[in-house]
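So, here's a batch of structures to check.
Shared chain: chain A. Partners: chain B in the first complex, chain C in the second.
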Partner chain A sequence: MTDHTASRNTAPSVYRRRAWLSTAVFGLAVAVVGPLLATGAVAAHLINLWLIYSLAAVGFYLIYGVAGRFSFCHTFMMMLGAYTSAWLAARPAPTLLSLAAAVVVVAGVATIFALATSRATHFYFAIATLGLTELGIIIFRHWHAFTGPDGVRNNIDYPEFFGVTLRSNREIFWLLLVVLVLGILGVVMVERSPMRREAIAARDLPAVAATAGLPATKIQTQLFVMGSAYGALAGALYGHWQGFVSTASFGLDVAIGIFLMVVLGGSQSVWGAVIGAGFYVLVPEILSQFTRLQTLLYGALLVLILIVFPRGFLGLASDAVALARRAGRAARARDAVGVEEVRK
Partner chain B sequence: MTDPLLSTTDITVRFGGVVAANAISVSVAAGETLGIVGPNGSGKSTLLNAISGLVPASGRLFIDGREVALGNPQRIRRAGILRAFQTPQCFDALTVLENALLTVPDRRHNGLLGASLLRPAMIGRERARWRRAMSVLARVGLDTLADAYGPALTYGQRRRLELARCLAGEPRVMLLDEPSAGLNESETREFADLLASLRSPALGLVIVDHKIQFLNRLCDRIVVLELGRVIAEGTPSEIWRDPRVVAAYLGGSSHA
Partner chain C sequence: MDHFIALLFSGVSLGATTALVALGFLLLYRASGVINFAHGDLMTLGTYLAFALATSARLPVLLAYLVALGLMFVAGVGLERVAHAPLRNRPEIVVGIATLGVGIVIRSLLSLWHGSDPKSLPSPVGDRVVRFGDVAIAYQRLLIVVVVTLVLVGLYVLLRRTSFGRQVRAMAADPVAAQLQGVRTRRMAMVSFGLSSAMAGLAGILIAPTMSFDLNYGFAVMMLAFAAAILGGFGSLPGVVVAALLLSVGQQLVGGYLIPNYNSALPFVLLIIGIALRPHGLFTGLSRSRL
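And then the complex of A and B:
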C-alpha cells in the first residue's frame, strides 16, 4: 500500500495538465494563422478586437468562472484603465508606464471596492457592481480634465516601445497577442496553485469552505482584483489601438458581451473565454449580411446555443470526449469478454 | 480526568421563537469518543452547527481550556475543530485529492504571491501537502480514486471523502453528524471499523447518530438530548437503561 502510494504521482490532476504547452501552442498558432487571415482592413480589425476581448474575458473568467462572482463592473474597469493610460500618455509618458499605471489604478480601485462589498453575496454584489459602473459613467462624462469633453478622449498616442511605434492593425496585432499569451500564462499560474481549489470551494459551498478554514473573502478579492487588472489592460490597449475612447466604447452591450463570452465558451476553463470572445466578434459580422434580420438571428442563435450547450462550447467538447472514451472502454470490455469466451 | 479537550457551557440557539438548543453543556476529553443522540428536532445538529460556528449561538466554547469565540467558523477551525455534515458535502468540481487538500493546515504561500513570484516555495509546500492528503486518502481507502470527481463516488465513498477532509486538517476534535445515515448494514459496520481505527490519545470525537449499535460500539460516553436540553449522560450501558431516555427516544411510551 505505502509503496503504491509513494510511487504514484501525488500531484492533483490540474498540475499534470499540459497547460504551459497548450498556451505556447495557442500563441504560436495565432502568430502563424492570424497574419494569414488578416487579408483586409476589416479582418485585421476583427482579429485585434478578438485579442482584446479575449484578454478582458480571460480576466472575467477569473472573477466569474473561478471565484463565482456575478460582476457587472468589468467594463467600468476597462474604461478606467483606458482613460488612465490615455491621460498619462498625453503627459507625455511612455506607453509601458501608462499601461502599468492603468493596471495599478484599477487594481487599487478594485481592491477598495471588493473590500467594501465583501459581505455582499451573489446578486447583492452584482447590483453593487452595476451601481459602480453607472457611477463611473457619470464621473467619466463630467470629469473632463481626466477623460476629455463629455468623456470622449481623442488622439490617444499609438503604443510605442523603446522607440518603435506600432501604428497599423498588423503591427498592433503582435502587441495584443503577446499580452494575451502572458495573460493566459498568469491564469495558468493561478490554476496550478492552491488558489484554484480554494476559490472553487468558497464558490460552491461557502459554509463548508468556512468550516475548512478557507478565507473566502481574501481569495475572492485577490481574483477580483487580478481579473479587473486584465480588464484595465484590455481597455488601455483598446484606447492606444483605436486612438480614442469614450463611455460608449464599453457600454452595456459589452458588459453583457463579456458575460456571454465566458458563458458561451464555457466558464469551466480559460479557453472558454478565448473561444467565446471569438464567437462574440465573429458571428455578428457574419450575420451582418442579413441586414434586417441580423439582430433577430443573433438572438435566436444565442438562445439556441445556451439550450443545446448549457456548459458552453467547451462543455460540449468535453462531453464528446467523455462519450468517446466510454464507447472505447465498452468496446474493450466487449473484446475482453470475447477473448474469455474463445478461451473457454 | 484532567481539563477536557473541548467543552461548551450553556450553548443556546434560537430560531425566531424556537429554542433549538437550550443551555447545552457538553465536554469531550482527549482520546474520548462522545455520542449524541436524541429524537428528530432535539437539537443535535444545531449543537454541532453552533460548535462549528455556522449558526449564531450564545454560550461559551473552550478548547484546551482556552475560550474560542462562537460564530466564527474559520477561527473555530483554526482551534482544531473539523466537522462532517449529515449529507456528505463534497466539492464536486474538485477531485477527491483536491477535496482532501482543502483543510491541510499549512496554508503558507496559498495566495497570489505564492502562485506567481514565490512559486518555487509554494510548489515545495504543495508537494508536502499532496503527500499528506494522499496518506489520509489511503487511510480512508480512497487513494486509488484520488483523481475522481465527486459525482463519480458512491454515497459511502462521499462519507469517507468528508472524513478524509477532516483528517487532513489534523483535527483535535472531529464532529461527525450522522455518519451512518444512508449507509447499509455492512457499510455501517465498515465505517464503524474505520472510525474505531482513528482513535488516538490526542483526538476527541463527537458523533451524532441514530443507530444504537453503531454508537455503543464506538462511544465511551453518550449524551441524550430532547427538545434542546440534555436529559441524560453516561456510558452506553447506563444510558439505555435510563427510563427518561427510553421515553424520549422510543417516542413517549415508557412501559418498556
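And then the complex of A and C:
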C-alpha cells in the first residue's frame, strides 16, 4: 500500500469494513427480494428456513469462527430453546416472554456448561458437547411434562406481538428477517469491539494471549453463551413457526449441518454463515430426486472443503477477486510498457 | 438374584466390547494424535460387512468374519489416506472433523446398501446357552469375554514386546523426537488406522449377535467408549478396561433396578462430569507416556 492510500484511511481496519452498511444493505435486499421470490408455498418455506438456519449459524460462527471452540451442542441449545418457548407459550404466555425465557434458560445452561468445561482442551470439549447433545435427546424424549408426549410438542401458538398474530409464511418472514438483522448487528458490535481481536489472539496464540493478560476463558465463555443464545432464539422461532417441536427436528444431523454451514460459507466472516445456510437449504431442493444421496453429499463436502478450500465459499470468492485484481494490474502494467515503447 | 446375574452378564459383555472400541481409538490417538470420530461408524461398517459376507455371500460364518476383519483393516488404511494424509499439517482437531465427515459418508453408504431396518447377525457359536441355575447365558456373551481378553493380551504384547509397539509408545511420548529418531510416521499412521479399524470391526462383530443392530448403533457404542476412555484416564490400558466394565455394568443395573428410562443417560452424565473434573487428562505428563 502506498503512503497516499494509507493517509486517506487512518481509521483502524475494523472500521473500514463498512459492517453497518453491509448489514443494512443485506436487510434491505432480503426485504425486497425475499417476498418477490416467495411465489409459492415451497419457496416461502425455504426462505424462512434459510433465515432461521442463518440465525443459528451466525450464533455458531461466534463459537467456532471467532472463539475457535469445536462444539456439537448447538443443536441441543436450539432444542432447549424451542421446548422452553413452547412450554411457556402453552401456559399461556405472550410470545415475547416465551422467546425471552428461551434465551435466558439457554444462556444459563450454556454458562454452567461452559464454565464446567472451560479448562478442557479441544478434543475433550468436542466430546463433552457431543455428550451433552446425546444427553439432551434422551432427557427431552422422556421428560414428558416439559416436552410433551414422547418429546413431541404440538399446536404451539403462532407468534403474536402486541395483538398482531403472524400466521402465514409470508408474515413470519418479516419477524425472522428482523431478528436475523438484529442478530447480525449484535455480531457486528462484537466485531467492532476489542472482543473479536482478543478472542482470535486467545484462539490462535494462547500462550501469548495469556502473557498479555487476556482472560481467555472469560472471552470464550461469553462468546459461547452469546452464540448459544442465538441458537435458542432460532430454535424457539422454529417451534412457533412450524407449530411443533420434536427431538427429530434437532438431531446430531443438525449439529453437523450447522458445522457444515459455517465451514462451507467461510468461518472467517459472519456472512459465511449466512451463505452456508443458504447452500444447506438449497441443496436438498436441487437434489430432490436424490434425497437418499443428501447426507452422503454433506459428509463428502465436509471432508472435501476441509482439504481443498479450508476458507469456504467466501475464501474462494476473495481468492478469485485477488486473482482478477492481479490480472488487471498485470494488464495495466503491460499497457504502460506498451505506451513507453510507443513514445520511444 | 437371577435377574441380577443376567444383568451382570449383559453388562460385562457390553463392557468388554466397549473396552475394545475405546482401546481401538486410543491406540490410534497415541500413534497419530488423531481422535477418530468415525470410529463408531467403522464399527457399524464392520458389522454390515460381516453380515453381508455371512448372509448374502453365504460364506461359513467364522470365515466371513475373518474376511470382514481383513476388509476393515483396508478400510482403516483408506480412512487414513482420505482424512488424515491430506490434512497432516493442519491442527489435529481438523482431522477429527474430517473423520466425522467420513463417518457420515460411511453411514449414508451403508443406508444405500442395506437400508435402515434393524438387522441381526448370526453368532459363530450359534444360539446355544449355558445355564447358571435358572439364568440362561448365551455362549456368545462368554465368547465376547474370551476374545476380548485374548485381544487385550495381544495388544499388551504388541505394545510392550515388539518394534511396532515401541514406535507407538515413542510417538505417544513425543512425536517430534520420535520422528527425528527415524520412526516412519506415515507408515505408522497407516498401520495404526488399519489396526484400530479392525478392532472396531471386531467389537461390532462380537456384540451384534447379542442385539439387533442398525446404522446408528456404532455411534452409540462410541459415545460409551469415549466416556470409558475419559473416566479411565485416557491412555492407561487397564484403567480404560475397568472403566468400560464399571460403566456398562452400572448402566445395566441402574436400568434394571432404578430408573429404566434414563439409564442410557448415565454414560453421558459421567462423561461430562469426567471432563469437567479432569480437563487436562489428554496431556498430563503421566498419562501421556503410559499405554
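One rule holds for everything that comes next: the second predicted complex is superposed on the first by the 296 of 344 C-alpha atoms of A that agree within 3 Å, B and C clash if a C-alpha of one lies under 4 Å from a C-alpha of the other, contacts with A are read in each partner's own complex, and residues count from 1 in each chain.
Here, contacts are C-beta pairs under 8 Å (C-beta built on N, C-alpha and C of every residue); 3 or more make two chains touch, one makes a residue touch a chain.
All values reported here derive from a predicted model rather than from experimental measurement.
Looking at the shared chain after the overlay, A:Y298 reaches chain C, while chain B stays out of its contact range.
In the superposed model, A:L214 lies in contact with chain B only, and not with chain C. Touch criterion met: A:L130 reaches chain C, while chain B stays clear of it. Of the two partner chains, chain C is the only one touched by A:A120; chain B is not. When the two complexes are overlaid on their common chain A, residue A:N154 makes contact with neither chain B nor chain C.
The touching residues of chain C, when paired with chain A in their complex, are 35, 82-83, 86-87, 90-94, 96-98, 100-105, 107-109, 111-112, 219, 223, 226-227, 230, 261-262, 264-265, 267-269, 271-272, 275-276, 279-283. Listed in rising order, the residues of chain A touching chain B in the complex are 1-2, 4-5, 10-15, 186, 189-190, 192-195, 197-198, 200-201, 204-205, 207-215, 218-219, 222, 226, 268. Those residues of chain A that touch chain C in the complex are listed here as 70, 113, 116-128, 130-132, 134-135, 138-139, 142, 252, 256, 259, 263, 292-293, 295-296, 298-303, 306-307, 310. Residue ranges on chain B touching chain A, taken from their complex, read 52-54, 73-74, 76-78, 82-83, 85, 89, 91-95, 97-98, 101-103, 107, 110-112, 114-116, 119, 122, 126-127, 129-131, 133-135, 138, 143, 146-147, 165, 169.
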